[in-house]
Amino acid sequence: MINDVLFALNNKSIAFKKRQVLSNISLKIRRGETVAIIGISGCGKSSLLKVLLEQQREQCSLCPQQPMLVESLSVYHNIYMGQLQQHNFFYNLINLMRPFSKPTAEIRQLTQLIGLESQLFTSVDQLSGGQQQRTSIARALYQGQSIFLGDEPLSSVDPIQAIAMLNIIKARHETVVIALHNKEMALGEFDRIIALSNSSIIFDGPANELNDELMANVYQQPDKSHC
Amino acid sequence: MKFTSCFVALLILLTTLSTGVNAQTPPNVFTFTAIPDEDESRLRSRFDKVATYLSEQLGTPVKYVPVKSYSAAITAFRNNQVQLAWFGGLSGVKARHLVPDSTAIAQGYEDQFFKTYFIAHHSTQLSLGDSLTSNIAGLTFTFGAKGSTSGRLMPEHYLRQQFNQSPREIFKRVGFSGNHSQTIAQVQSGAWQLGAVNYKVWESELASGKIDPNKVNVIWSTPTYPDYQWTIRNDVNHHFGSDFVKRVQVALLAMNNPALLASFPRKKFVSATNDDYAPIKKVAKAIKLL
Amino acid sequence: MKSVMRTTAANYRKITLALAFIGLMAFALADIEISHHDPYTALQNMLHGLIHPDLSGTEYLLSALANTISFALLGLSIGAIAGLILSHYHHRSLVAHFCAFIRSIHELFWALIFLQMFGLSAITGIAAIAIPYSGIFGRVFSDILSRATIEPRLIMVPSTSKLSGWLYGPLAQCWPQILRYTRYRFECALRSATVLGFIGLPTLGYYLETAFSQGDYQQAGGLLLLSFALIASIKWWLKGWLIPVYLLAALWYLPWQTPLQWQYLWRFVSQDIVPQPIRNAQFDLEQLGIWLSEITTQQILPGIWATLLLSVAALLLTALLALSLWPFASKTLVGHGQIVGHGLLIVLRTTPEFVITFIIMLLLGPSMLPAILALALHNGGIIAYLLARNSEQIKLRDDKTSGLNLWSYQLQPQLYPSFIAWLFYRFEVILRESAILGMLGVTTLGFYIDSAFEALYFDVALVLILATAAINMSINYCSMRLRKSLNVDKLELL
């Protein structure tokens, strides 16, 4: 049973740039759950994810809010970066100049899945915002971890594609924790919702238990500046 | 705040710059210079003493201005920024060419029969001879300063005389070390195989132990020629009194304090005339350095 | 399956390969012989001097220090003000070309020219710094101001005068960058003022040159360390509110005593620099043609050839050095170990090329190699410093890798555009500097210019200086086009 708990916070306060964003929160996330973290921007979603990442660094694939891609390099290389640690430096260096066929085949398959196959060897600076975000997701997928931690990973992707991408993410990871802004998607696609407001968790439970009144609270403007 | 301080700075700059340029001291200080030559260290302190001596002898304020190159000395003389200069043979000829109303008034005792040594690194296996050996062709060779008499003009003259070719054609590589001390140091270290050097500098460095005879040696000494001299602008007679040129000459010839003479370094000064340097002028014209 | 890369990185790779190819060609053609038999004694003496610096033998040391600062401060201030005015009109091609022209002539050559007109006076030193610096400031300030997002006409009442609109719009917005760049240039101005001493102005360089040429390495080491300290401590002694005080002190201190004599100035302009065949009102055009073609074939062409060989070879080495040195000064890569790297880079970029060449020449003997190495060490040090500083500003993911992987996949590719831009910009600087290394005997254009000044052939010197300016301006133009085509022309240049 104990092994099943991946993340656990107990009365934890979280600060970002010396400003407390979350105070005394407690939560547990078990293996196999798909969790959406919702709340208005600035309420501490990213900080919470950061703390979660620290708890399971070895098992997490991360997809940050800013794609943080290397713009002059190709989609292929940016995705390949997900597995840099698994090869020695000289393999990586040669691959930088002449892609090896094995990772090329693997990554080509991934780009087929996310619809970027024709841009495989195009540099990221020539892509649209949505395409860049899909590249960033593909990079997380390529890491092949069991946990996916995403911070608004789909904000620039169009809604129809977003659902498809989310399904790919869910299919390839045992546990999925995603911070997002889109409440419809959160309600429709996740088992569990954690809602943040006024530096605390105001709701934590199955998606179907979240009613409209609570939802309105989540998206209400904070009454104090500390959120 | 930074904006304002920059503005204040600008105002100050503009107003004082205009006054600053005009704030000139009257040209009633007799000024002299000396071409940089052998020992440049503490040059100013040493020549300040010469200035003090001249000031005492002449009863006029005298100032020494340091220069870095032969051409700077000539320009300063030409523009009346200095009225008296200790020139080399070639720079003196050039200066008197540019300031027609100027005269050589004194030279060092040794300058009546000056000479250049050709020196070689030991790896060349050349040794002292009565004439310049033709085996030097194809080696690397350095002059001293570009405008030097003993480090450039006369050695080039004798090279051309013997080989009928320019130095660039004779040698594999030709350079200008900048001054005589550098010529010795660089030939001694093997950077250059051959060099031409002022014999006075060679002898004083040999005496002070800066030269390792196992590494570098003299292979030929040129015939003698006139070299360094004091040259003065004759228009000083208008500013400082009608017999000022004469008085300067007397003061120079009377200089007998070894500490002062060591700056040049000469035993004593003897009188000289423009005509003494006719041979230098002829050679300079032939090599197109005039 | 063969795949074609359509990446921006591939373009940079092509440029890099082209650079490597041309650089290697230059190395193959250049004279890089090592002809020293016994460099160890010299090296030992120099190291000994650096470890046991001794300034007690330097006369007038404080006065040299004050002169150095005064020349730098006054030259820089005048240059910055003139540059600000020029930048306002820099969009006109005439002004842009004028700026390019005055900055393409090295401050040492300006100083040699003014030396003929004003002698060893304060004006010579100030003007020699102020003139090329106003050209540089004109260009850079206009670059900075053109990036201002505030369009003055949009936020001001239409009747606002153009100048106040400019003052409150772009200028106010870019003021921090302008100040920052000016402060960086002050460092360069101190170096320039030092170098002016090599031709006789009473700055630190005067004694530095003497010490080196006399082989007095203890004194040379002391003076070098002093100039490092002077530059490294700028931020402690140069405060905004102190600048007016310093300026006043500088004006009061500098040697203005040499009287300005207009007849000599006029003689220089009306006679000395007039080509010898047409001097004295005899317009012998045929002779002029012969005179010009002689200078061209005997001095300009060989000079340009040597200058280009030297600069291109130095550029390749600069690139290699910068790429291999910056990681050691980057906090992102080596953590606190960066202090060591930074120390090395400070030494490399604050030692004037002239001094490095001089030292290496004593060690390796006369050829192009010392100059190539010196230019590469100095400029490589500067680019490495900029790369290291920029690498610390790159945002990285929380799950970033480390070490060589981080370097090769994330940092280096992101830094490459800036690297290329700085390299091109530095090529112009290398070209300028390679010309003056001619004064040390490398047969670049500067060698012939120095010889002409030494022989008092001012007409020849002027033709050679104009040729140098022409070459620098055309290279500058090519490099600008190339930067534009690579889309790296909008980066901040230092």
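In this document, chain identifiers A, B and C correspond to the written order of the chains, with residue numbering beginning at 1 in each.
Quick note on the criterion: a residue touches a chain if its C-beta (ideal position, glycine included) is under 8 Å from a C-beta of that chain, and two chains touch if they have at least 3 such contacts.
No experiment lies behind these values; they were computed from the predicted model shown.
Asker: Which chains make contact with chain A and with chain B at once?
Answerer: C
Asker: Find the most central chain, measuring centrality by the gap between its CA centroid and the centroid of all protein CA atoms shown.
Answerer: When every chain is reduced to its C-alpha mean, the one closest to the whole-protein mean is C.
Asker: Cα centroid separation between chain A and chain B, in whole Å?
Answerer: Each chain reduced to its C-alpha mean, chain A and chain B end up 78 Å apart.
Asker: On a C-alpha centroid basis, what's the spacing between chain B and chain C, in Å?
Answerer: One centre to the other, that is 31 Å.
Asker: Starting from the mean Cα coordinates of chain A and chain C, work out the distance between those two points in Å.
Answerer: The mean C-alpha positions of chain A and chain C differ by 48 Å.
Asker: Residues of chain C touching 2+ other chains?
Answerer: Not one residue in chain C touches at least two other chains.
Asker: Find every residue in chain A that makes contact with two or more other chains and list them.
Answerer: Counting only residues that touch two or more other chains, chain A contributes none.
Asker: Two-or-more-chain contact residues of chain B, please, as numbers and ranges.
Answerer: Not one residue of chain B touches more than one other chain, so the list is empty.
Asker: Could you pull out which chain A residues touch chain C in their complex?
Answerer: 50, 53, 57, 60, 62, 64, 66, 68, 70-74, 77, 80-81, 84-85, 89, 92-93, 96, 99, 101, 104, 120-123, 125-126
Asker: Give every residue of chain C touching chain A within the complex, in rising order.
Answerer: 1, 3-10, 12, 395-399, 401, 403-405, 408-410, 413-414, 416-417
Asker: List the residues on chain C that touch chain B in their complex, please.
Answerer: Going by the criterion above, the answer is residues 35-39, 41-42, 57, 59-60, 74, 77-78, 81, 115-116, 119-120, 122-123, 175, 179, 198-200, 202, 206, 209-211, 213-216, 219, 240-241, 243-244, 247-248, 251, 254, 256-261, 264, 361-362, 365-367, 440-441, 450-451, 453-456.
Asker: Looking at the complex, which residues from chain B come into contact with chain C?
Answerer: Its residues touching chain C are 1-3, 5-6, 8-10, 12-13, 16-17, 20-21, 23-25, 27, 39-45, 65-72, 74-76, 78-81, 94, 98, 121, 123, 140, 142, 145-147, 173, 175-179, 181-182, 185-186, 189-192, 210, 215, 289.
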